Amino acid sequence: MNDFLLVAAGFLLLTVALGLVRIMRGPGDADRMMSAQLLGTGGVAVLLLVGAAASVPAAIDVALILAVLAAFASVAFVKSASPPESIADKEAGGA
Amino acid sequence: MSFLLDVLTVAAISAGLFFFLAGSIGLLRFPDALSRLHALTKADNVGLGLVMLGLLPRADGLLAALKLVFVWLLVLLASSMVSQLVARVARRGGSPS
Amino acid sequence: MNVPTLFGLCAAALVGLGLYGVLTNPQPLRKLLAFNLIGNGVFLFFGVIARRGAAAGFAGDPVPHGLLITGIVVAFSASALAVALLLRLFQATGSATLTGDAPTRAEADDRDV
Amino acid sequence: MTVASTLALILVVLLLSVAAWTVVARQTFAAVVGFVAYGLLLSIAWVALSAVDVALTEAAIGSGLTGVLLIGASARLRVTEAAASPERPGALLRGLGALASAMVAGGIAASVLSLPEPAPTLAPAVAEHLPSIGLGNAVTVVLLAYRGIDTLLESIVVVFALIGVWSLAPDRVWGGYPGPRQYADPNGILAYLGRVLPPIGIIVGVYIFWVGADLPGGKFQGATILAAMWLLGMMAGLADAPPISRTWLRILLVAGPLLFIAIGFAGALTAGAVLAYPDGYAKLLIKVIEAALMPTLTLTLALLVAGRPERTARG
């Protein structure tokens, strides 16, 4: 059973690595950020699987930190990609 | 009982992996940023949810199980909001001016 | 090949990649990224030594682990200082290059808006 | 080849590919996103090396704060990118650089392969003294009891780095607010995220700090999460960093290290050595020091990312 979890973790890593090609190909910065977001979610899943397989209960805490900070880099990206006033305009107009 | 739980674990995690694979392929193959974002959110929400579901029977103790669910909910919250924000940037052309 | 050795070789390669980046990339921010790669390589090597020192019921030697945590936090604060220096250089001179003539004090003050 | 070492091999290949990408990428932003992904992979690698305390630190700092710091910097420096490309060294220089780097990497690889057997370790010494301290997490014990001097100096170095960042402010705005003013629609999604996530994040941060006595976790990781939540509030336009001239801020920034120093020197009188703890009080004093360092570290880490003062008033 533990081997199954580890194989699943390895498969997941390879899967997410496929998405990493988007970081390299782009074309837009938003695409690159999406790829990092997918790796974040995949990384959380890998940590949960490895933690369960290797009986490292604290791996959940690492996943917890990644989950809390999952939005953090993307928010910084969105802020940096928008001129100061436009984000307020866009949200007022678009939302 | 434990055999049934093992079956649940294997089934749920395998299904979760499928959604992650679908998400990755979608991110790679879909033609434009917004549909790629659509593919990505499936991995976040369903894929991680199924992996979490599969690991629940193996969690040692109630606290660990609650933390698993909590991690999933946090990722759901973060990814839904970030998708909205990133989609706005993508619609404006992706690259900051 | 066992897991610690594998990560040890990874650490060596990270230091090599980082060193190449520091040597050949002209942009200071990229040099900072590459320098962080070197730092991570050293940390990883230290982590491998900690893993090999597993004994007395610990999965790794706790002394290097403690030093690694200290190291990661210090490396972060050094990076933050480097980024602040770069942004100030950019504000003062309008560019972020390390080559060429340094701007005079008067020029720097003019641009300081 | 076992399943575990196959997993490690996959991790190593991914780590090296992403690291190589951050070196060769044409656009700086693409390299920075690669670096964020790299930090994430690295924290998985730390779990694979059974260094969970380090993994927690790397997850919080490496993929959290460093990512925000670098993404912000790359956006503000984007206009300088085009000017830098002609400065790229020629093929000969790059070849020489590659050769030198390969030789250094080869030397380190050779030393990895010739590490002594059996490996030297201090783990038995820590295990022997662990009961006398009364904490369950050996790494916390190392940080505050056996290598207390490192932790003390580190907490001072971090404050020094912040002073260095602040000292870059032009005279005109000295004492003002750090970083540019952040705008966000108060009813937008960003502001919503800035309201919903910090309460959850603060609970997680305090939890990570609290379990650090007996399980992996501790003040550095906890303080990093708290700092990240504060920064999120700033980015969502809901909170502003205080002007750096505030007295309470300056007191809090030095309070933690000062208390650590005071307890350390008190040890010279009560326990016979600087940074030693009197018998029976080790656990209590360690908790007091950790609790005092938390606010200092939280403020310092967040303000390091926020940057030098750039505004004299709100606006």
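In this document, chain identifiers A, B, C and D correspond to the written order of the chains, with residue numbering beginning at 1 in each.
Going forward, a contact is a pair of C-beta atoms (placed from the backbone, for glycine too) under 8 Å apart; a residue touches a chain by one contact, two chains touch by 3 or more.
No experiment lies behind these values; they were computed from the predicted model shown.
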Leftover contact groups, counting everything except subunit D:
A, B | C
Roughly how many whole angstrom separate the Cα centroids of subunit B and subunit C?
32
Mean-CA-position distance for subunit D and subunit A (Å)
19
State, to the nearest whole Å, the distance from the C-alpha centre of subunit A to the C-alpha centre of subunit B.
9
Can you work out the whole-Å distance between the CA centroids of subunit B and subunit D?
27
For subunit A, give me the residues that contact two or more of the other chains.
29, 33, 35, 40, 61, 64, 68, 71, 75, 77-78, 80-81, 91
Subunit B residues touching 2+ other chains are 74, 77-78, 81, 85, 96
Subunit C touches at least 2 other chains through residues none
Got a list of which chains touch which?
A-B, A-D, B-D, C-D
Enumerate the contact residues on subunit D facing subunit C in the complex.
4-5, 8-9, 12, 15-16, 19-20, 22-23, 28, 31-32, 35, 42, 45-46, 48-51, 53-54, 57-58, 61-62, 65-66, 69-70, 73-74, 76-77, 80-81, 83-85, 87-89, 93-94, 97-98, 100-102, 104-106, 108-109, 112-113, 115, 119-124, 126-128, 138-139, 141-143, 146-147, 150-151, 154, 157-158, 161-162, 164-165, 168, 170, 172, 218, 220, 300-301, 304-305, 307-308
If we count contacts the way the header does, which residues on subunit C are in touch with subunit D in the complex?
1-21, 23-27, 29-30, 32-34, 36-37, 40-41, 43-45, 47-63, 65-70, 72-74, 76-81, 83-88, 90, 95-97, 99, 112
In the complex of these two chains, what residues of subunit B are touching subunit D?
74, 77-78, 81, 84-85, 96
For subunit D, which residues count as touching subunit A in their complex?
3-4, 6-7, 10-11, 14, 17-18, 21, 25, 27, 29-30, 33-34, 36-37, 40-41, 43-44, 47-48, 50, 52, 55-56, 59-60, 63-64, 67-68, 71-72, 74-76, 180-185, 187-190, 193, 197, 200-201, 204, 208, 211, 215-217, 221, 225, 228, 231-232, 235-236
Contact residues on subunit A for subunit D in the complex?
3, 6-7, 9-10, 13-14, 17, 20, 23-24, 26, 29, 32-33, 35-36, 39-40, 43, 46-47, 50-51, 54, 56, 58-59, 61-62, 64-66, 68-69, 71-73, 75-81, 84-85, 87-88, 91-92, 95
